[in-house]
Amino acid sequence: MTVDVITYGETMGLFESERIGPLRMGGSMRLSMAGAETTVAIGVTRLGGSAAWVGVVGDDEVGRLILRTLRAEQVNTEGVVIDPEAPTGLLLKERRSADVSRVSYYRRHSAGARLAPEHVLPEHVTQARILHLSGITPALSESARAAVFRALELAAQAGRTTCVDLNYRSALWTPMEARPILMELIKRADIVLATQKEAAILTNLPMADPFEAATSLGRLGPRLVVVKRGAEGAVAWDDGRLHEVPPRPAHLLDPVGAGDSFAAGLLVDVARGRTPQEALETAATVAAVNVACPGDWEGLPSRAEVDMLRGDDVLR
Amino acid sequence: MTVDVITYGETMGLFESERIGPLRMGGSMRLSMAGAETTVAIGVTRLGGSAAWVGVVGDDEVGRLILRTLRAEQVNTEGVVIDPEAPTGLLLKERRSADVSRVSYYRRHSAGARLAPEHVLPEHVTQARILHLSGITPALSESARAAVFRALELAAQAGRTTCVDLNYRSALWTPMEARPILMELIKRADIVLATQKEAAILTNLPMADPFEAATSLGRLGPRLVVVKRGAEGAVAWDDGRLHEVPPRPAHLLDPVGAGDSFAAGLLVDVARGRTPQEALETAATVAAVNVACPGDWEGLPSRAEVDMLRGDDVLR
Amino acid sequence: MTVDVITYGETMGLFESERIGPLRMGGSMRLSMAGAETTVAIGVTRLGGSAAWVGVVGDDEVGRLILRTLRAEQVNTEGVVIDPEAPTGLLLKERRSADVSRVSYYRRHSAGARLAPEHVLPEHVTQARILHLSGITPALSESARAAVFRALELAAQAGRTTCVDLNYRSALWTPMEARPILMELIKRADIVLATQKEAAILTNLPMADPFEAATSLGRLGPRLVVVKRGAEGAVAWDDGRLHEVPPRPAHLLDPVGAGDSFAAGLLVDVARGRTPQEALETAATVAAVNVACPGDWEGLPSRAEVDMLRGDDVLR
Amino acid sequence: MTVDVITYGETMGLFESERIGPLRMGGSMRLSMAGAETTVAIGVTRLGGSAAWVGVVGDDEVGRLILRTLRAEQVNTEGVVIDPEAPTGLLLKERRSADVSRVSYYRRHSAGARLAPEHVLPEHVTQARILHLSGITPALSESARAAVFRALELAAQAGRTTCVDLNYRSALWTPMEARPILMELIKRADIVLATQKEAAILTNLPMADPFEAATSLGRLGPRLVVVKRGAEGAVAWDDGRLHEVPPRPAHLLDPVGAGDSFAAGLLVDVARGRTPQEALETAATVAAVNVACPGDWEGLPSRAEVDMLRGDDVLR
Amino acid sequence: MTVDVITYGETMGLFESERIGPLRMGGSMRLSMAGAETTVAIGVTRLGGSAAWVGVVGDDEVGRLILRTLRAEQVNTEGVVIDPEAPTGLLLKERRSADVSRVSYYRRHSAGARLAPEHVLPEHVTQARILHLSGITPALSESARAAVFRALELAAQAGRTTCVDLNYRSALWTPMEARPILMELIKRADIVLATQKEAAILTNLPMADPFEAATSLGRLGPRLVVVKRGAEGAVAWDDGRLHEVPPRPAHLLDPVGAGDSFAAGLLVDVARGRTPQEALETAATVAAVNVACPGDWEGLPSRAEVDMLRGDDVLR
Amino acid sequence: MTVDVITYGETMGLFESERIGPLRMGGSMRLSMAGAETTVAIGVTRLGGSAAWVGVVGDDEVGRLILRTLRAEQVNTEGVVIDPEAPTGLLLKERRSADVSRVSYYRRHSAGARLAPEHVLPEHVTQARILHLSGITPALSESARAAVFRALELAAQAGRTTCVDLNYRSALWTPMEARPILMELIKRADIVLATQKEAAILTNLPMADPFEAATSLGRLGPRLVVVKRGAEGAVAWDDGRLHEVPPRPAHLLDPVGAGDSFAAGLLVDVARGRTPQEALETAATVAAVNVACPGDWEGLPSRAEVDMLRGDDVLR
């Protein structure tokens, strides 16, 4: 399992309505899968890198759908655990209007939340160039939280690069609960990704200036901090130097997955030894392509597509 | 809430695949609702009777879908409880082949399982002609089981007719667990409905002769026992007299809901004072129409349709 | 307009539900077109014959859909009248169960019912080998009835073969109203097609023996009478000689259009001078192919398909 | 039937194409329902108010679809009349391009047009806080017009608030025909809603200044006049005082239903005693949410959604 | 075959994905047809002109689909050749993002590429007012190229107007290969249509000023040259006089077919003797309507629609 | 690549119509993949065995769809060759009636036909327990034929079991052309699978008795010959002993893939050392499950499903 990126987390079955309108109207839905970490992993393999995802799924058709999809996308699933005791979690996605989606979870007692330290194997973590984690996983359960910290510890021992995307989810915990845990993650991470809003929650300051936010997170230990600002691009704190990542023009169709596709673009380039500046440009392009296509991960681009667009207008 | 039939139980959101094949292939699904007791209630109102359903749903779009559907079908929902603490349960239906469907539940910690004795109001039970219950509800939780027995007790005190459909669900409990509870229900019921297989489980005899099965259940106390035999019709034990209910020819498209539509036809006629024999003929016709249409309850007939078919071949 | 078959009548827009179930559930429908006479005309052209249809449509998109479809199928539409004063009629088709369809009309004040004698041009009727009419048209309106009789008169004068398919529609008139008119049609027709039920209505005898029915219709004047018996084949009275048309095995999917496709097969062969016996065999094959495909006319076969199946089992 | 709002009018079955393009191409359609007054009624109940609709439907599946939908949305249908003599009207909606929809009616001889004074019961009108009518109903038939005036008279006698939305429909009558009738309605109304274009038609002045238009309508008698200006907001004449209702930003997907959802928002707040200014703000928010979702009424918001958006950007 | 416009070329079966995303995800597609020349022909007939298309299709269902569609749209297909030796070509259309479509061809050995000089009949070419050709056809095969030049020669001899739309396709040939052939076409054409990019390829100058481009093409011989600039309108060189065609505002949904609908609008007006200026205004309106509807040709307008929009904002 | 089964051949993109009817009507299709050998390979992995497929695909989205699907189904694709010079082949599937499907190919110059001996690597063939080939591949091209014989040679040298399924395709070659090649394959195979019709073609005897057919094929060299008889089961010649494989009852929905799923069931059991008798029983069960689900391979069962059904009625 020598891969560019290994990542741990929960992936769920996704039911998304085909029509815009309240879910209570019933009717046509699509069954697919969704999970922040698997979006990153698929992004990495589409770009020509290699990636492994480790998580727990139930011994059910939704779990098998997740495994089928990951294998189709060439994500290594050797470490995946199948737990016959709990169902794979679900996510219902209502498209309330042309540009508002609402999500509800059936993940409280899911297989995914049973991720535990014993699922984090040294031989997996140490053979990956980069360990990627999100701030969702420690909010799932005590055992999942322990798994996250064990992975960070193993990576640190082996000298691997670690990346944490804060991914604060208000449905899972309060800012108060999240803050100390996310702080611990940041301290252990080489790379930290946050939206401007997450940075505000963490620093407890109301939507601070993104440069200040990046700087204040950077002071906690990471080598590289990226504060993402949606259509306004991003700000990076690179070992003390601040610079802006200009936004890529995009025809926005589905904003979900923007952050994870950004992470994928960044990590695959970092893994290949490119400079942060180059990697951030790749990241912005990957995100711009992905949001122009419905689905969290379906529109992730190949390396050829990204190269074609570098410097150019993104897919229009 | 003066209704012909009141019923208590759990109703869930239903995701059913539009294509035949393993669910793991993903793709198009339909969102609707499913629940044995609400199928009975809708069957009653479609036939011109009045019905109320009492259960607990979450404060979510799936819960609202259930309420919308019941109101559309003129089922009284005044007693429904909305519980903001738990999600409405879900049911995933895989159509594995032309005639095999498989079901998986997300109901373990659902709102529906939180049905409790305090939701069973005397003014509801005593104003209904018939109280209908299924053997599913006592398997959901301790509180649901207590609710069921409280409803039976209130009905008995008020001299209301009580009906129990055994509806044994192996996903919820073992025969060993189910047997003593179902026995208690039968003892308290005026009318008992069972499939031949359920009768066998209950009597612990391997697929006994249906006449014997009906008789042995009849001896437990009910006035009327119906042992349903699918395409072979049914056998009724009516206060000691045994007679057969001939099967109605039907173009079977979706067997789910057959038993509940049978119950609806029976109860609406019993409520109107028809003889068991008449009521059983109605029941068989209602079931034959319903299974010729996809969906648990969507194809339930009106009284006019049933009258048109009485004596005739069922919808062909 | 030198064609094998010319036919007059009403064609409507058809809304058919995509799912089986009561129409009141709403949801997906398909918009297409339907009309007994145009099914015959399309049947003729698919089999390599030529056909013209004359009728009135509104100056609206549904009327244009009808014209588009007929042109696509190479039916001559030169005689079609576009009436800006009335809308094209509609037909709603509910698929109530696997094998019961129910139809409701929006044709009371439709353009199609405004068919009138002035739309029946001598140069059209006299240049066709066969004039085909159905018993629906005289039930639409006074003017439509007059048009039908004018067409028969013109054909008689020019010595053209005339064919009438009784097509009794209970939604349009009572047997009492229909009988005298249909009698007049039969007297003026060379070829008469009737279902066994229609023959019974006309002769006022309860489901008479098909041979007797054919004989009694034959005595009214036609050269050839066919009494159709669905899955049991047909009976023909050919200038005094009775013979049976054996049924063709078919995987029945949609019985609508069976009679009209039978007529198409018969007429195209009669127009080419084949014997009644040969023509009836073609007719039975064409009907068997058409009912194995959903839609009134979509599944009509080519001559090559019919030849391939002659003597063989029909498409299975 | 003590409700906040009672409304009288016609509701039809709606066939809407699923794809953009001329309807003549045929193919997939959706069957639902549409009617200005029922959109208002659903808007009121979604916002937590109570509403009743009174109209006539046919004894057919389309009529039953309308009743199912209204009950699902908790609109009181006790006063609805089922007329077995006429079919429920239909409306075909062509989506000619991304932002042009075209509508054609099958309502000339519909059940809905048979609304008559005897369907307007004093006990209904006098138990509602507000009577809402549209300018469509008096254009349907003589009896419908009489019904409208009877309702206004009964409301006046009982001291109820009356609201009229002009809703001029060029397919039903000419400006010349409409003007005197609409003038009579305005004189009898406490609240009058008009688009800027309708105000111009009525005042016979080419697109007058909205303030002038509101003033000139206000002088006819109403307490409150609102002239709606689409994306530019609205102008209100409140007992002599003019003020602007600023537009709410919205991602426009389907403009149909904008006016009716505005009315719903206004009336529910007026019924609860809020000031016109507050009510107009609610109205604008409700409309902005509704047009961001396809369908006339499907996207109408709950009170919670409106409160969340008050002062904020509307659903984006 | 006395028609306004005759055109020669290849038309293919089109598989277009229903969802946006990489084609590799599989799933729902739509089967239709596509071809530059048939889009022009349909545009002409929709506008009330007459048109014939000549090409080769295989003896297969895709070929029959093309013929059905053209007949439905009243395009004369008398000259179409059915070649049993080769399949009708295919085109797969991937919708990669909200506004990027990608196309791949299965036309290498298709029936369409077998168009040959013997399919170009003098009686066809000389009876048409205008001969329209695209720069695609000479790139298909040697015989197709010869057919194109034979058609031009026959038209020149008969004094017919000739129109060439450059339609450069990089999948079929390189600029180097295309240039000499396209030059020859231009020299023989009365009317030449080119995009600004095509003009640049041909003149070998990097995106020259559109006025210069039109002038330099005009000097090669044509009477009228139009350089199309997408959303910025067009520039025309009319026998030495340059003028601008202002763009029409349009809600762009599907840009494919814009150029061909422009050609249709231009040619139908030229055929009716309108001035180039008038014809170009029609052309711009037709294109604006067509791109507001998905599909290459489905949204082409009628003359009534164009007249309604002349001077007005295009369908919005 | 140590696998139970390795197989060589062509897999194509599949466009299958969603509705029954002539393909010329256009409309909704599904894009998936189809290939006899990949159906076998997927059958093997679903049953818990391991399998590799080697073939050539184009560098296009259809090729990527094939690779995605195979990886999803855990088929080893290491040996697959991507050829940028030719497109992946296509297959169009028309559902002409409820039980007749018709297929047309776009494979003449496809990537798949470019399979060549250099793609058959010794390290692949010798590491598989069984080599499986079909009679389709030698009909594709000279190089594909050479590849097939090279694979057989390598397997013979390494002492691997070889299996050939005759799979005669009349669209690719005549019986005359096929016979000598298929004879050569049979001589080199340990296991031979043929339908009764294929056996007749090969032995040039009109539908011989299946026992005779099996015997005569068996005399050519194989250890095991199976003559498949559809709904009547199969006949096996096992090293001289003849025995019958009883048919499994099945609700037939889609017969395509029946033979390949039979092969998969047989080979996975042979690879695990089960007796031919056991393996044939598995084979019949696997086929019966697969034909009860639409799609060539989508319905292939897991080992658990097969075990559950062994001795029982197949999925009903």
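All chains are identified by letter, namely A, B, C, D, E and F, in their written order; residue positions are counted from 1 within each chain.
To be clear about the criterion, a contact is a pair of C-beta atoms (placed from the backbone, for glycine too) under 8 Å apart; a residue touches a chain by one contact, two chains touch by 3 or more.
Here the structure is a predicted model, which means the values were calculated and not measured.
**Student:** To get from chain B to chain E along touching chains, fewest steps?
**Tutor:** 2
**Student:** Supply the minimal count of touching-chain steps required to go from chain B to chain F.
**Tutor:** The fewest steps needed to get from chain B to chain F is 1.
**Student:** Is it true that over half of the residue numbers where chain A touches chain F are used by both copies, so same, or is it different?
**Tutor:** Shared-number fraction above one half, so same.
**Student:** Farthest from chain D by Cα centre, which chain is it? Let me know.
**Tutor:** It is F.
**Student:** Roughly how far is chain D from chain E, going centre to centre by Cα mean, in whole Å?
**Tutor:** So the centroids are 46 Å from each other.
**Student:** Just the number, please: Cα centre separation of chain E and chain F in whole Å.
**Tutor:** About 45 Å, centre to centre.
**Student:** For chain B and chain D, what's the span in angstrom between their mean Cα positions?
**Tutor:** 41
**Student:** Would you pick out the residues of chain B that each touch at least 2 other chains?
**Tutor:** 22, 25, 27, 68-69
**Student:** Just say which it is for the chain contacts: an open line, a closed ring, a star, complete, or other.
**Tutor:** other
**Student:** Between which chains does touch occur?
**Tutor:** Once each pair is checked, the touching ones are A-B, A-D, A-E, A-F, B-C, B-D, B-F, C-D, C-E, C-F, D-E, E-F.
**Student:** Applying the document's contact rule, which stretches of chain D touch chain A when the two form their complex?
**Tutor:** 251, 253, 289, 292-295, 298-299, 315-316
**Student:** Going by the contact rule set out above, which residues of chain C touch chain D in the complex?
**Tutor:** Touching chain D: residues 15, 17-18, 22-33, 60-62, 64-65, 68-69, 87, 90, 92, 94, 104, 106, 108-109 of chain C.
**Student:** Can you list the chain C residues touching chain E in their complex?
**Tutor:** Checking each residue of chain C against chain E gives 68-69, 71-74.
**Student:** How about chain A: which of its residues touch chain D in the complex?
**Tutor:** Of all residues in chain A, those touching chain D are 19-22, 25, 96-100.
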